[in-house]
């Protein structure tokens, strides 16, 4: 199934002695060239754009090449709350998705092993959302969480929500939307590692006087680390750059705009390309740094 | 440099062989029958043999521009042969050379254009644009929840409405109404300080959560699901919403004034069907057709003689202040003055930064 | 090394009326077993006979359907795995791959909040002579080293009872024999009760004080290795624990000290106290190494049973000894081992030979002879058919498993 | 699950302009999916199918080639290659979309179906590589050696041994690519010009209210996928059972 | 079964001056080997000694750094794997999982466009008695069955030479012994040249016509199993192929028929034709099963070597025979095997015993004795230290590998 992609490829037992061969070059060339052309050069032109300055006597949206590093200072001063907010939301969504997905993945991957049919059925339900546009699902939430909806009125009825409070347009709704949308991306890699979890380790731990809670903490969690890392990355990275959930037309409001929304607004509305580019470069660099540190600390560098 | 350096040239016209038009317009902006088809458009097709693909692709001038600007800059087809956009945006498009000149000879009915709109600063002589509909931005409210109604923008800031207020993402309407509320003549000379004061007020209302929904035409969804109880909206929409959902909302232009604007037909530079579009414009400038549209959309028609035609349909219609405003109504309506490029960039950024919550 | 650290004696284990049913399969029908404290006990049996299931029941990783389990006199049937004073060395070792060797060994101590887990873990590692590799991860060890870490990880907890589930099964022959020696040594040193599961009979015999031979969820016979080997009670034990030449025939005479059996015309005498059945159709046997090969018919003697003439159909040299297959008409193919005290085989393929053995080396089984089964070995005289025959039984065995 | 159910239920709503309030049950929308707005929903859906298919084929072919090269050969710039493959996955979609859009703009490339396909192929390649790589790495090299030993030339061994064994991995990769492409909005939004894909259609319509027809299409795709997956699972379970019985 | 179908005789194999270097490691230094057509040849050696590398060179899966390979007299060094008349049974079997058993077997025939591949494949499957499973996929077979399919897949091509890389390595002991018998039978039947790689010495001895013992990329000794066993040339062979008691000392006398060596004061005589070195420091040895255990000092005799008194430090029963470890002062610990012809051990732990053996059973190694190494076995008198000693050599061995 598709989610094999999310499994970290742990080092395989001694693959064939690797050869040097011109065949390798032929195999690599098209794909690598493609990525250079359509990934790397755009990044470079993004970098160049990020230093552009407004054209003299130019109209809105007109820029010339320059080395205007001030752009970076400006966007950080203007938008640092969005940068911080993006990572905070992404982090919150990642943690929530993990808390929700882990038991789910554990159930499907371990508990349900005895009932293969139930296992595959639950798996289907997890991947099912992939096949219905995430925009539609998010819009559905917008309706389901609207002020006069069943959800909100009942929450108010039981005083879990203040009478004048609401859900849509708030950070809570955005985090909720992010969490919801990325749960499959979290669950699947977790599932692929937990499915291969050797239960004998758990038995060995309980044989060695570990209380079920200790077994979980000391053995199950560390052994499912590759899945946790893959899942959190596959959730965190796109969540940090997402702008659909936080869009004012979906679940967001003015106080929950993320950096993706800022980039979009600068690109498409304000026509401030240098600012949009600078923000993109910043976003990407911060993510790379975070991912680098995280992967190193989690000790699962063999991600690709 | 990025964007609009060399002006693109118009596409070769294929109208004679290709009898179609793709029309991008706002939601709630044309007559629709119960079956979901457009009676006036069908009549147009019957009359001219030109088929029209009508798409409600415009939600907000900015986002629409964002979607098509790159194509326009290259002089490429944007997927529409005609679009109806607001005065100031049309001004920008004309400045950038993104529109095609209209051949008035093909639009004899243009003589029906009301005199006040015959010459506008962004398009002298109407060589590139022709008005479609005009309207007011005012205040709408949910009559079931708020039976008392509204007469001023300040009333939207009442704490009891916290989080249930909507405004338009159209800067000139939202800021225009606030500036008017603060006593600024938005058509006259004003500058950074007047705008700044209004922005401060707006920022305050957004930051404290009073204003939650800031949208383009999508605001109607919020009214329907009642996330929004009171909002700055466009006049005709409310009448149409009431028709669909029961007479649920009230509408008023604030005492201190509302904005008055027009949306105009333009032919994007990449369209190869200008002649077809000219026929379409000409058709909608028949007073009877204009009246039929107006009767449905409840916006101000720019076609002289439409009032008379409306009278023939229904006298009450002809007296509807939203469609055929009299001088006292118009006295409350103000046109947001044209901004130059720098102002547009600056005020736009200020406004946008509030939408982004900064 | 302070061997005194592990001086706590092991506890005895008692299984009473244990039954274990899996959905759709009864792995253990009725099992009673009692293992004295401090002994090295081997549970021997073919694949699928229920050895692992028994261990898992004792460890608490599986719950018995019926019966109870007592360790050191205490009923632990209701206790969970982590509460039992038992540790297991798993067949797959099950070393935690995310921990160092040291952390693996200290794991159990830490769970029980024993003081100085690191020091004790080092001590256990020194016992298995792997302390220098304490900082490695299990994957960086060879199979033999992993096995010793698994052992250390279990022993360090000084369990009342140590369960070993074919800990040597994955090792190659040479390493395996070396490990056996070590295991035995360590057991003697720490004085714990070892319950060792294996399907390697040689392993069981060289290591254990007591062997229980298990078959299809039941204990067939239990006792000291020598007793089991020299006096097997059933055909299963006779063939599972080493090889045997078995014959079936009616008892045609008996005295107070011996019985005489007619095996296809040969009169074979078995001591009465070494025969479990004294009348009717019986199966008797003798071990291949107890048989002598003669080039001439040996003289009749009261204390020897003679068979022959037969023909040598295969000779195979294996270093220490040579194995001869001798086809004797109407009886079948017999196996004879001769230690290579001289060079070259005593007889060659095709030679006519006689076989004899001391009366006192024979044994009589308790088994009901399978009626009409005839001699144990087919009368075919070529090795191919033996191979084919083995193949067949192998295939059935595999398909059953 | 709730939003899916919601989407499904509202595909039967006898809605007018906006599909928010329940107005009664109807099959009309299912029967006349393409009727609304001159078939814009269906056109968008069709575009998405075409884009998804072409991008999937391109990405799967190139990604599989890279995966084989990475596992099987030694070459210089190995780590640079790995980084180049990892980066697209670690880059937020806005950045990918905006960067490519800026690139197309400065090159004066008009955005249409082709630019969308180019963009989708780009972000799918890395996912294909990861998926197929795992499969290649778990492929026992002895199998290919056995092929050579049994008189198979290099080409024959690749065609008859290597490729068939990689098929499950390649299929999984293709499926993943298609799903990613089909559901992509952000990158598409930046690079689609006048072309409307299904997600883009929904985004645009979000402003004025999604017609129930969109719910119809989404529900149909969902049900189709569900049926395919469930059938596959059930039949493989049945096969496993049959084998177990035979053995 | 039509065994005639496989009547083509095998071809002989010759390796001349083969050297194989891997980046950073020389796996084979210099190898000359010649295998006669139609023989069952075993390549025996410890892990990592270069056995697999040798096979891969012959199969064409690896290119030699130097030297040439001749099959049936033709130089195939430059040929690619698929051009060589050689087939391999891989250790992991390497059956194609996406093909049926039948298609696996027919694969090679189809590649060479041989007529009637299906018929021939069925025939080969009948030979290994698996034709009834022809339609299955390999995953649906047991390990033993897979092994036979791998064999059929190779044999069906009637290769001049069949290479087997520890095809039995993954099987458990019992299954392994059965498979050995089958392999041997099939080889005799098809008459192909088998080159069988193993590190199980018992396997090599019972199966092969000729054994080559390989160590660190070199052939240490080559010959018939009996010859290698009875007359090992090096200490490595003496201990790798079974066990040996080895002693080192100066030659203190020699006649035309024998040499006399002084081993820590004991005079030990070795036949001159069984000793590779006749002067200076030499290492001599005797196999444990050739030694006799005596409770009293045996009378001196010209044809026997005597050692003792020593003390029995360990007795271990293994069914067929019993192993005694005897510590002899200044000499070390000696191993003695005694076939269990009687009940109970001949001697008990702690007993004082003497050992003797026929002069003609001794052998003298070609090895240069390691100066100052003293006796092969440490003078420690407990089994633990032996275990420790073995452990150490094992660890080094593993770490080298």
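Per-chain numbering from 1; labels A, B, C, D and E assigned in written order.
Convention: a residue touches a chain if its C-beta (ideal position, glycine included) is under 8 Å from a C-beta of that chain, and two chains touch if they have at least 3 such contacts.
It should be emphasised that the depicted structure is a prediction, and the values quoted were computed from it without experimental measurement.
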So which chains count as neighbours of both chain A and chain C?
none
Where's the contact count highest, between which chains?
A-D
Relative to chain C, the most remote chain by C-alpha centroid is chain B
For chain D versus chain E, what separation do you get between their C-alpha means, in angstrom?
56
Centre-to-centre distance between chain E and chain A (centres being mean Cα positions), rounded to whole Å
58
Taking each chain's centre as the mean of its CA atoms, chain C sits from chain E at a distance in Å of 26
Taking each chain's mean CA coordinate, chain B and chain E are separated, in whole Å, by 94
Touching two or more other chains, which residues of chain D qualify?
20, 101-102, 106, 145, 206-207, 247
Chain C residues touching 2+ other chains are 399
Which chain B residues reach two or more other chains?
2-3, 215, 218, 225
Identify every two-chain combination in which the chains touch.
A-B, A-C, A-D, B-D, C-E, D-E
Chain D to chain E touching residues, read off their complex
140, 142-143, 145-153, 156, 160-161, 164-165, 167, 243, 246-247
For a test of understanding, state which residues of chain B touch chain A in their complex under the given definition.
1-5, 62-63, 65-67, 69, 92, 95-96, 162-164, 169, 206-207, 209, 211-215, 218, 225-227, 341, 344-345, 348-349, 352-358
Where on chain E is chain D touching in the complex?
59-61, 80-83, 86-88, 90-92, 94-98, 107-108, 111-112, 140, 153, 157
Residues of chain A that touch chain D when the two form their complex:
1-5, 7, 9, 12, 15-16, 18-21, 23-25, 27-28, 30-32, 34-36, 38-43, 45-46, 49, 116-117, 120-121, 124-125, 127-141, 143-144, 180, 233, 237-238, 240-244, 249-250, 259-260, 263-264, 267, 273, 276-277, 280-281, 283-284, 287-288, 291, 303-304
Residue positions on chain A within touch of chain C in the complex are 198, 200-201, 203-212, 214, 218-219, 222-223, 225
